[in-house]
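The letters A, B, C, D, E and F name the chains in turn, as written, and every chain counts its residues from 1.
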């Protein structure tokens, strides 16, 4: 594809390679280094003058390192006269900081959006933001992909006659409901309550789950502790079996083991927007490849074709 | 209060006067005119050089006229060397345009936030935004007041032993749940579904409402048609009586009459963030005054005192 | 014309259609709606990714609605990855607010220019601004068309042996003189004086009009009251007959009837930069089509050809 | 006056000193130098941390040197943590470049306004801009003083029973008319026509001047050649005697001698906004001091008092 | 000190405390947290409305974490209506990325300066930037302190009769020479040459060092490998003893032990701009306290007193 | 070359012509004028709509005139819808103002960089900035050419067996060392000391020069007084013969004569980045043409080819 140039930071090189494979091009090489005072150094190793540059970097742990690396790469591309620089963030972790629910905090989802512009991003391509409003934090055009179809396609192959979609959080209710509608299912909702500084419980489940197969659906699962808490509650209410699903499977620490340990948990389904070390992968973990969706979007953006068809 | 200067647009002068009464100052006068080509003309009639200027203007119908008037007033204040200009918007209607749920639309909540900055707003003071994330659309500091306490105080005087809070929309679930917790009540949730371009139904109510007194809570009620739809559903499910509550009572057309017509609707409670013509006021309509809250906030902002205590 | 995309707001769709006819393309469709809280909703119904987008919207009554609609359309086009967005304003009404002739007012011509940039305008295409300096209010490139040639061509077909061009306002003197020179005529000038807040008289006419056919020339005629006042003065000074001409015929209320009622008024000539309802059209009213000029300009801008030849 | 700090560039130090005298403070010293490569060097020699800094510099010949010097001084004040920086330009020469009357030229009045902001100007204080619209070129607040009252006060001491105000240019018609009204006189207007690239003639005078004393009024007189051309025309039309008046007396080359050489020219009246070398001063030249007006404005701006009273 | 508010990030709390002790105020508390997806969370625990806020955070390892934390704190302070936010960076590590000495790299010293502005920094207070030009990377006022006097005062107590100042790098020649002049000593200069990607040698020493006590002076010492390389070269040239000095003692890994291991190395002198774990402190390591200098600067900035005296 | 358009200011038209000759295109014509109030007027005489516009203008004496002319030309090109505007500055004189070495001065190298952006520069192409860090002053992409290879190629034809490169200033040490390495020579360094306000001496030369042929290398030579001072010092130290070399030969006043007057000065070598009047040219003066390097860079930038190869 003429004039297209894809670079990758160090956050998720295998995804970047998969995207390039789908595009039928080579990933452009980059040199990464670190000064002895811990400052990052990045050099793009291919001319990007007048190129349509895409830089693939999900903001995953180590989040600060990966974010900063992305900023340096964009600045380098701009300074090297790229025609256009698109920040491709399969996971935009700072989207969770999207409101001011305590005094004197930063709405970091907006701050980082501004920093991306400062560093030279002309566009953003991302996947399933924590809330849809975060789209409005960016001053540059955003193509906001949704993994819903990818996840739904997976579940449609199963017997859902007895299933219900459960959201662990009221804040995610609308999104869960939309997913339920794709599967023609009902929805139930957990209600979180903060007990103390580091303890959250789910005190209520609104909706009927008795005897049902629950597809527990969230946008991001990290330690999985809310999900575990929800499972306990659902079991108390007589739920039968569980499918766990999310777009962004951070699955930090021993989350996979904890979540899939119980027998009534059938599957933990996620996309590969976040890299996962081999040893975390277990038979119950299903990683759906997201590279085809990103490759399609990048190709359309580069060629100036409509992307909106990808969203419907 | 030295150095403080409060102006009002034409959207809601009685609220502005009430705020000034609470502050113990006079509202500064403004001249409004319209050129024969329909362009607006505004002249601030009091020197605002080096003053701390607050301009009170909810974005209510006619929304475009009122927004534009606010922009002109801020631009005039800036050009007249105001030390600081705060846009006081008791209702920020464009907050509803907070996401891109269809291709090629404007996230107008962000666009208008940017326009306010362009016109000279140094700060924003507002009340119960449609979603909390809209706070992050502004590049200037925002003091985001919440009418929850005002509404809750009203309901706490009633017998709530049999009550439940009902949100007409999953998107408002978290906010409704927070309100329910203030009243120590459970929550139920309606799920909207769009049938055709101009027809929305509520196809499901998640949670238990049978035999209950329902406090139907929304951030804004305009024509009230979703609420009416919800009431039908709740009646089918055996709900007993209804209190209708919202922060922003737009109550356009004959909404008040339609909403309070039925006997099982006890009250329609709202703040006076939006002006209401006399003829719409009926015995079942309760308007809670919001001026004390705004006066308190303006006083603290002007004196540099903490505003966060107002939010807790 | 490849890569070109023309949308129209609701201000003047027939002009937009005429421009597209001249360009030999179809007008791209748009969906307009209004929320129940009076906020506008606009959806562009054709992909504008990487397109050269022109949005046609004169700022005519209802001026605030039309301006806001234009801003939303531009924001939508930018967010939808248009390659370039041009605001086409055949009439830019706010150009009249071009100076600070009273304390604490807004120079709204500049404010709106900044708002257009905020909303995503990369360029502006407009016609006969109230003063030439308004061009300098914009931070983006402006192509400023002039209807002088169109109007002059109309008058050149007449017997002008006894004619003089009369400007109703000294502020328009230079422009009237330029028009007079195109017709090889002399110029006379009315001098306005403000008697009270809502009363303007023309106290003097500088220059010789006795026994002459007067071509009264202004940039914009709205209610026509200054023109009527001028005609009285000219009649007192022995002028013979009158042609009334302007670029922007707002002709609000019953202006057409009032202006063309007298027998000594031969014609009222204007372009169709402003829409006019059918019932206002009378035999003495001549509307010169401006679409060919705009189509020519858009075509040249899109193809990167010089536009300056259109101005000479 | 506490916290006030006035610096002067090298354009017009005697005016700066006069302003400081009127304010009762000392002018703060500055060191000026020039590198051997012709680059300017400026050092402010008094701490301006948290000060309200005014920098006095009319943009007079050598215009580029003086403009650049002003920019450096503002940048130095900003970098030295001034609380506020006001550019005081008794003459803003680039205001003449206020429109695009030929293709591919710069509207330099706007460009320089932007440059002033770039260099750190928080406000502008200026006198009689070439056109009122130039006010709108600035994105920072402008206090736009007018020398009309100063000039009118001078003429009111004379016998004006037979006088008329004459503008040499239609573009200045409104301003001349306003001046005439202050003196309760009629107005006449010259019409300039460009014959060739470097030859302008005044082909018509609109209005009656026969037997009259003419007060020829312009905003700026440089070489005076248009005025000389106008005098010839007025003499042909039977005018009696001439007073020449302007706000900004640039009076380059031998303009004073040429303009005041004829016996029927009684006086050449100007303010001292522009410095004039001693040898140009002749008995017929009257320079009205402008320092009191600027000192009054600076004092009010510094103290936060209304400046609008100075304009009426 | 009224209206002054000092916060500290987690990079160097003991320095922040020492600065506050010198100022005679308490450090304002902050809550630090980290979401399970590795995103940072910061809450300022004291009202900073209308306060003059200073946030102390050297950019030391972990550099990305510390930088990001600083950005969040500034954004929080701005959003909480601080009157002014000053980023206090005793060490600005990214200053080393100050030029483009390879294609397609970022001049990160400039990028981070822009990010600080984006996040809300109104001013910067820093110490001994890697090069003086980095001052010009910032668009906000910078107070650039220099530790030269502090270091020189230390050496002036010693017998320097036989000493010479040696810079390990030609790029630091001017700074070393300035330091030498403060001690009335001569200067010698090492010349670095890059042998391979990770190997730098010092191939030449320009200037006389035979039999001399060498004060090796650099702005920052991290691993110390260049210094070790220089010592070898100086020993070959007959130098006698060594004092090692730098402003920013990063002293990563086992740098202290390596540098002070040899007997001819008398002292390693640095300021405490960078935190150092206890176990790295050895008898030969001298840490000069920098808090008094910062406290003095903060006090002057807050009170609006001249800071320039601190630089001479 | 399609779509390419090269204009020249008045600073160095012969260089512009040479560059165009190398590119095989015609220089686009420009009209320059000056109003009687000394304001500049510039009109580009060729359509630059959608063109890739390069404007060639070194900032040489008269520096302020030339800088301002460049700004006007860029503003005109932007306003005339150029697709991209590149400021080509073969000499960027204000780069010398790159640090704040005294209180209350402007870092003018940064200020002018910002002014270039304000006026519409999308890119900058320049040659051998006074310090490499100045690159970071620009917010737009900069292609920073280096004349080192051009100068080195000249010296490589000579017998350098006995030569040493001498820098007159420690601040230039690194650059001189890099040049020395290209010629495989050693380096020596003069150390400047400021004696009084207008007297600089070179008090030390670090490194060995006895009996050597010295290639004295600086980035810019203006009056040449430091060089003369250095020659005296080198002669005292027994240096044999001198070649003087610099990128930017400003050679003001009688610098050429003074520098080449002595017999032991063999040559004064410079590029033609700065125009030189004929009468200054002497047999010992060698001007190396820089046009091929600029033409190559412009061609690559225009075609989107890598420029980095020009730097190695």
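Observations on the model:
We take it that a residue touches a chain if its C-beta (ideal position, glycine included) is under 8 Å from a C-beta of that chain, and two chains touch if they have at least 3 such contacts.
Here the structure is a predicted model, which is why all the values come from computation and not from measurement.
Among the remaining chains, those touching subunit E and also subunit F are A, D. Taking the mean of the C-alpha atoms as each chain's centre, subunit B and subunit C sit 38 Å apart. Centroids of subunit B and subunit F (each the mean of its C-alpha atoms) stand 62 Å apart.
The mean-CA centres of subunit A and subunit F are about 50 angstrom from one another, to the nearest whole unit.
Counting partner chains per residue, subunit D shows two or more touched chains at residues 47, 79-80, 100, 103-104, 107, 114, 306, 308.
Those chain pairs judged to touch are A-B, A-C, A-E, A-F, B-C, B-D, B-E, C-D, C-F, D-E, D-F, E-F. Interface of subunit A with subunit F (complex): residues 47, 49-51, 78-81, 83. Within the complex formed with subunit C, the residues of subunit D that make contact are 98-101, 103-104, 107, 109-110, 114, 131-137, 139, 144, 169-171, 173-174, 177, 181, 186-189, 191, 193, 204, 206-207, 306, 308, 311.
Put simply, subunit B touches subunit E in their complex at residues 123, 141-143, 300-301, 304-308.
Interface of subunit F with subunit D (complex): residues 35-45, 47-48, 59-65, 67-68, 71-73, 75-77, 79-80, 93-94, 96-97, 100, 102-108, 111, 114-115, 118-119, 220, 222-223, 250, 252.
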